[in-house]
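Attaching a single structure in structure tokens format; questions to follow.
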Amino acid sequence: MNVAIDIFTIVAISAGAVFFMAGTVGLLRFPDSFTRLHALTKADNLGLGLIVLGLLPQASGLLGALKLVAVWVLVQLAGATVAQLIAHALRRKGPPT
Amino acid sequence: MSVIQALDIGLALLVLAVAGWTIAAREAFASVVGYVAYGLLLSLVWVRLFAVDVALTEAAIGSGVTGVLLISAVVRLRKTEAPAAAERPGVVLRALAAALCTVVAAALAAVVLLMPDPGATLAPEAGQHLGELGVGNPITAVLIAYRSFDTMLEKVVLILAVIGVWSLASDGNWGGVAGPRRGARPEGALAFLAQLLPPLGIVVAIHIVWVGANEPGGAFQGGAILAAMALIVLMARLTEAPEIRRRWLRLALIAGPAVFLVVGIAGFAIPGSFLAYPAGWAKPLILLIEAFMTLSIAATLPMLVIGPPDRPPS
Amino acid sequence: MTEFLLAAAGFVLLTVAVGLLRVLGGPGNVDRTMAAQLLGTGGIAALLLVAAATGVRGAEDVALGLALLAAFAAVALTNSAAPPEGRDPE
Amino acid sequence: MSAAILAGLTGAALVGLGLYGLLTDPHPLRKILAFNILGSGVFLLFGIIARKGAAAGFAADPVPQAMVITGIVVAFSATALAVTLLLRLFQETRRATLEPDAPAKTPDAGVDG
């Protein structure tokens, strides 16, 4: 049982780390700010989500697990809002460069 | 080299790289963004030093509230960058400064390397009386009991800073709405965030103050998070900042140190010295002080960030 | 398990740092803010992983605090870069 | 090398970096940033003192930690006051530095080596 849980943790966290890498690659490779915004706010939130998922079985009790989920929800909320705000700010400045 | 050592070294290098960027960046805005990132990395370092209370403070104040202050300032000061850059000292002077700073850093590094291990410590003394105070977190005990005088004066410093900031208002604007005039209403997304975040933030802040008695946390950290929530509401223009002549605002600002002072003076009467807690009453008094301090910090920090009033009272 | 968590934390921090150091240089302020946002998310992930590995008590609260404040830099930027101040029709 | 010593060395280097920025950068806002970096370096030095004082079942000596917490809050209030002063100066004079030809200065003081 324990081994199964550990394997789950390892798989989920590894997948999360890959998404973080994807976000960075996007940030480095995409041609303009709008596309970079995609890389940033989507890949990363998925990455953090998978890492939180992987850490859940290792969490200390219900409150610990709840806090982990809350962290993810808050970062999602922040990411979504920031994406909107930045996209608006970019559009005010003019077409993509 | 173990994994954790590699991680620590990587983190240290990253902190130094971001700090170096903050100093060396050509544009002031890049420098400020670097500083915000630096604050976040520092809280990771504090977690690695097992100083979670400090990490919480750094996360809430160093990265969050300071970030808002500096970013708004740098955007307003954009026009001053070019004239200032012209006053940059020459190569020789900079090389001299670099040499001096290297000497200072090297001396400090030598102190670090020569420091005795285990070093001098007050931890046993701090731990001794935790039972009498009814507090499990030794840092809270140091802040509110053993060195309570420091903490009280620090609250006074915060109020002095607010008075300093307010006194920079022009005469005609004294008593008006705090902060600069603001433009049109912002986008819906920000208003949405500002409505959703504060309830969650208030719960987290109360949690952090409450567990501060026994676990990492406390009035500073909780108050700083409450202050951040007030700031996001103000930034989203959901409500206007209060006029600085309002009595409730001034009461909120001084509530923390005032309650601290009253408890301190009452200490003369009952246990016999300033800021002493009567036996058996330590825990409730500590909670009382912490509650009012949280309120005061939550009122003070946003006032410091948004600045003096920019229009006369209505 | 501990080693794995720490390695994962290091990996996430490294990838995020590469992105940060590349984009801090520009081209624009918006991109720089994005880099800080990326570091915020990655830093929170690394913090959670390190906390789980070293068993530091209360580190989740630090992550919670950081998550609450994750949007602040970008909000402050777009807010102060928005329409010029002092033009409020009042 | 332990995490504490590494953090202490980082703190020492940060003090040097901050001092350099404080001395050489002409823009006051950048000086404020540099001063904050200097300050956080000092705080990290407190961190290693705390960690080396681990005793009585605590992972670190609580007294230096409490001082750092107080320090962070005081540093913030000083920063806020300094930034507000700077913004006010800018509002009054449209510049962020004091007049270069202020009466106290000699005519050739603006030139450096």
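In order of appearance the chains are A, B, C and D, and numbering begins at 1 in each one.
By our rule, contacts are C-beta pairs under 8 Å (C-beta built on N, C-alpha and C of every residue); 3 or more make two chains touch, one makes a residue touch a chain.
None of these values were measured; they are calculated from a predicted model.
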| item | value |
| --- | --- |
| Highest C-beta pair count, chain pair | B-D |
| Gap in Å, rounded to a whole number, between the CA centres of chain D and chain C | 22 |
| Intercentroid distance (Cα basis), chain D paired with chain A, Å | 33 |
| For chain B paired with chain C, centre-to-centre distance based on mean C-alpha positions, whole Å | 18 |
| Separation of chain B from chain D, taking each centre as the mean of its C-alpha atoms, in whole Å | 14 |
| Chain B, residues touching no fewer than two other chains | 4, 48, 50, 53, 76, 190, 193, 197, 200, 204 |
| Touching two or more other chains - residues of chain D | none |
| Per-residue multi-chain contacts in chain A, two or more chains | 70, 74, 77-78, 81, 85, 88 |
| Full enumeration of touching chain pairs | A-B, A-C, B-C, B-D |
| List of chain D residues in touch with chain B within their complex | 1, 3-21, 23-30, 33-34, 36-37, 40, 43-45, 47-63, 65-70, 72-74, 76-81, 83-88, 90, 94-97, 100, 110, 112-113 |
| Chain B residues within the chain A interface of the complex | 187, 189-190, 192-193, 196-197, 200, 204 |
| Residue ranges of chain C in contact with chain A within the complex | 1, 4-5, 8, 11-12, 15-16, 18-19, 22-23, 27-28, 30-31, 33-35, 37-38, 40-42, 44-45, 48-49, 52, 60-61, 63-64, 67-68, 70-71, 74-75, 77-78, 81-82 |
| Residues of chain B that touch chain C when the two form their complex | 2-4, 6-7, 10-11, 14, 17-18, 21, 25, 27, 29-30, 33-34, 36-37, 40-41, 43-44, 47-48, 50, 52-53, 55-56, 59-60, 63-64, 67-68, 71-72, 75-76, 180-184, 186, 190, 193, 197, 200-201, 204, 207-208, 211, 215-217, 221, 225, 228-229, 231-232, 235-236 |
| Partner chain B, residues of chain A touching it in the complex | 70, 74, 77-78, 80-81, 84-85, 88 |
